[in-house]
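Structures follow.
Two complexes come next, and they have one chain in common, chain A, joined by chain B in the first and chain C in the second.
Let's look at the complex of A and B:
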């Protein structure tokens, strides 16, 4: 610890120097955001995410158009599917529950994995570093852009689900899991809280992806490694014999967002989820910082 | 600075030290915090077992809310396919025998409390419990993206299953209301299952009923449960070698006298067969709105048949299935409380399929069925004839070829002995 303190204290005072820095990093963040969201790949990923709730909504509508019910109320299909016909708002929850295990994290893995490695692979990373922004600042800008993507991706699913649900199904009083009915407005608020929770659930994976991205010069390799890791963790999480390690897998509390639909809200797992994501962010964020700061950038 | 080349190697080492330190701190937090929270049994004045039991009996906590974790590992034999349906049956859910007639392909989902209780007989479940006086209780079984709620408010008992969007309603007859006894469940309408019967309090009271000469009750140290100081009451069978039960542990709140944790450990294996424990408890008054239930729009509502309330077998059950089955007869009254065996005439001689033929192997399909049967039962012989024993960690059952079913929390030998007594 003391060594670290002396190192930062005795280092060159470049971190506190110019007043123009704040403007600089805002500009850097803005340009990162533009780079991320102007890509065709990003737009294609968002389009795929938007298509999921629309398809689910149409499928449910067709299936129930002859008065039948979905799945008999029990197992089968993503959570909340059987409630969609009663209230269109539930399509938001269904869509998030359906995309959270794989679609959403996969897109986050692609964006996060490509963030640094993609620049390195394209030979643009060194030009970014030539600008007087510093590596830490660049990493922070990249991280913020990935976080913005997490939020955008979740919001895309939620908004398209809400629109589809409102168009195809009745809306009105929302029945919570506990059997309590609340107004549509409160239901909408809870849906927003759920969307934010889902976005935050992805932060751990996003940081992990960014860390992997700093290790390699190949964007494809970083994406594949991140998504592969996601699949591995999902598989580990499904093996009951490994339940000792399950609470430490970043996917473990993902579906706890449903607890926001209880009355009163059951906070235990939600807080555990946020804590776990913060833990992953701290560990892999600092690892990315250390690795990237000390790395030879040759491309 | 804007550097393409990294800094010196010494600074590189420092840099790598940061994530290692962060990981270390994280690991320490994850590892130490729960350890610190659970370690250090509280220092409490010594009490005798009688004092503690009295304290429990006097406990008058009517307002509380909390989270309860139920962990059940009864070691039920796993049947190929559809094991869910039958697994709870042997332990006599609160249903009368005829109640389940509509099961299976019934049109309305069965959301009555009985069918839900059988689900609690295996695995880990989280329950939320709230009570405000003897007339208002609510318990919710938290499922992944679903919830099963049971709300008792005055004469009304509602059950709601969010996955099926179906509700079940039962009303107590007018006279039955307001009769307040020990425990929360005295006024329990209909099937006798009230939210109260799922708390550690209820489970502990059931176990204490079994106290007699054949039981040793001691206080064994203290513990911290749900952040509260508690005494540990240990109940062990005395002189009952045939009992499958090793011990029952009840953690009693040192201040309120409320049981906070109930652990039932069988002799076989060290993992508890049943563990019911508060993980969080709050003695404040819960929101009265929590007890007002109106079935949500579009929900299927099933009304309970009004006279079912007086049906036998409606007595609240301890989650461990300690209580007897309806219509059962105790065959070995002379035995200690812990070795009692109940006999039920199933009225279907022939026992378990091909076994009735005395092991004579028939065709190919018969042999297969025989193998299947051998998979989860054991042959037994005695004065009662022959039969088959179905074993779990806690309760064993012997079905004779004459169609008699002997059930008890005793070992296979104890079961055979009791059956011999009954036959002879």
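Let's look at the complex of A and C:
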């Protein structure tokens, strides 16, 4: 007994031997997912996203029910709209193209912006930190929950579009943008690949939102700042005089997902998009980690 | 408990700080040169008026903010450096409870428990239920926390602090917002925990609260520590006042004044004052009786911590600027 005491010296007493387990520490990630997806706000955002393809599908159905075509041809409305009547699967591409510029990233901005700032504002952040969640671990848990939301949000749009499309329009062989036809099964696979690509396109913004979220104690302020930034970037991206900086805007390659509908697939912009998202994630992820790790938590 | 090798660490101190200082980013010097030593097993009352730096000190002890000077050790290890090793053994209530309003009371506890990487998920539910029972919230466990009253929130915050067996509990104004019944319950809970050998560090601006539950106390004033020691030492430090109850206050005042009692105050049938040094109190009583004063009660009233505070600072117990 006394020997044991001598051995441990001035170190922790016996009762301090309650070790952290790697598997146990995953509990925070599960808890984070539960907390994110059980909120009414999250469900409301997903409901809005689900409504978009349903409404678009119904509108197209009504407009074309007298045998006419969609007015304006290829140029009017979001991409692929004119193909929807021929194949319901195209509603997936239409809905993603319609929600990607604003609706989808806006919901991501809300969830990411609120992630840390919301906890700080409510005061729960200090209790998580003394639990002790660990600042890096908490940030990682928040990041994974935001990523899960990106994927869920995109999947919500895609699944509701697919269901609406299959219900209202014929399905069958899919004619790709390059003119080749592929089976419906392969078309479905490509739709899944597109959904994953769209979700990954949102990761840069998600990380940026998380970074902003670590800077303030007001969830609303962080959400507003993130969404505001998104709008600003979209506007900058639409100004031709600024095309020098366009390749560095996280929105620049967003619509490149359509290249997955070519045979052979046109990888150039797809890879540039992923690279750009990875760059934003690395830069703002490190900034969030460095800033949050050293920050005074007084709220 | 003998700890022969702990010479480099203050003997038996659960919390010890050396010159701990915090200047907030706005330039406010909130805590300055704090040397605090909280003995193991004590119920330590951390006392000070609003704005004196109690919460700031607690935030530094728990690693929420970085000191701008000095150092702090909790359970013998440096903070905030060893936060991940130390904090699983520390339960805390800081500046009131904070809850997820959209989760039930029980789910709130499950979430806080999940945040602790040393908490076994298999016994998580049982821990939450036990903690709820301990603070008397079992009946409201399934209610959304946003529907809790202030006192219920405070209890849930305490339950979160009690999820695991702790070595140290840090409670920042734990009776804030509670009714007298709730205050009594918290006090008896604190005593119960102390009987289990848990060190309780409890901040308050209520002097009588500290007097009722604490064994030790430290007094803060404008970010500085003015004194620390046992509660008994502290009260003994300020001399008690002599109090006489009599239907003849006028005559009593005259006699006491003659006998050298200073600062005489008459309040209805009670006359009180500071007894002269080196004077046998029985002689004073005899003098009163000889003068025909009908003495109903005669005694020395123990100095309260408030008296101590006033005598130490020369000021009332007011907010610092």
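The working rule: the second predicted complex is superposed on the first by the 276 of 299 C-alpha atoms of A that agree within 3 Å, B and C clash if a C-alpha of one lies under 4 Å from a C-alpha of the other, contacts with A are read in each partner's own complex, and residues count from 1 in each chain.
In this section, a residue touches a chain if its C-beta (ideal position, glycine included) is under 8 Å from a C-beta of that chain, and two chains touch if they have at least 3 such contacts.
Just so you know, these numbers come straight off a predicted model, no measurement behind them.
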{"item": "Touching partner for A:297 - first (chain B), second (chain C), both, neither", "value": "both"}
{"item": "Partner chain in contact with A:123 - chain B first, chain C second, else both or neither", "value": "second"}
{"item": "Partner touching more residues of chain A, whether chain B or chain C", "value": "B"}
{"item": "Chain B versus chain C as contact partner of A:35, first or second or both or neither", "value": "second"}
{"item": "Partner chain(s) touched by A:133 [first = chain B, second = chain C, both, neither]", "value": "both"}
{"item": "Contacts of A:279 with chain B and chain C, given as first, second, both or neither", "value": "first"}
{"item": "Chain B versus chain C as contact partner of A:264, first or second or both or neither", "value": "first"}
{"item": "Those residues of chain A which chain B touches in one complex and chain C touches in the other", "value": "11-12, 126, 129-134, 294, 296-297"}
{"item": "Residue numbers on chain A that touch chain B, as the complex places them", "value": "1, 3-4, 7, 11-12, 14, 73-74, 79-80, 82-83, 86, 97, 126, 129-135, 172-173, 175-181, 248, 255, 258-259, 262-264, 266, 268, 279, 282-284, 286-287, 289-291, 293-297"}
{"item": "Complex contacts: residues of chain A adjacent to chain C", "value": "5-6, 9-13, 15-16, 18-21, 24-25, 27-28, 30-31, 35, 38-40, 122-124, 126-134, 137-138, 294, 296-298"}
{"item": "Interfacial residue positions of chain B with respect to chain A in the complex", "value": "1-7, 11-12, 14-19, 21-23, 26, 30, 67, 109, 128, 140, 142, 144-147, 149, 151, 158, 160, 162-167, 279-280, 287, 290, 293-299"}
{"item": "Partner chain A, residues of chain C touching it in the complex", "value": "2-9, 24-25, 59, 62-66, 75-77, 83-85, 87-90, 92, 94-96, 98-103, 110-121, 124, 157, 160, 164-165, 167"}
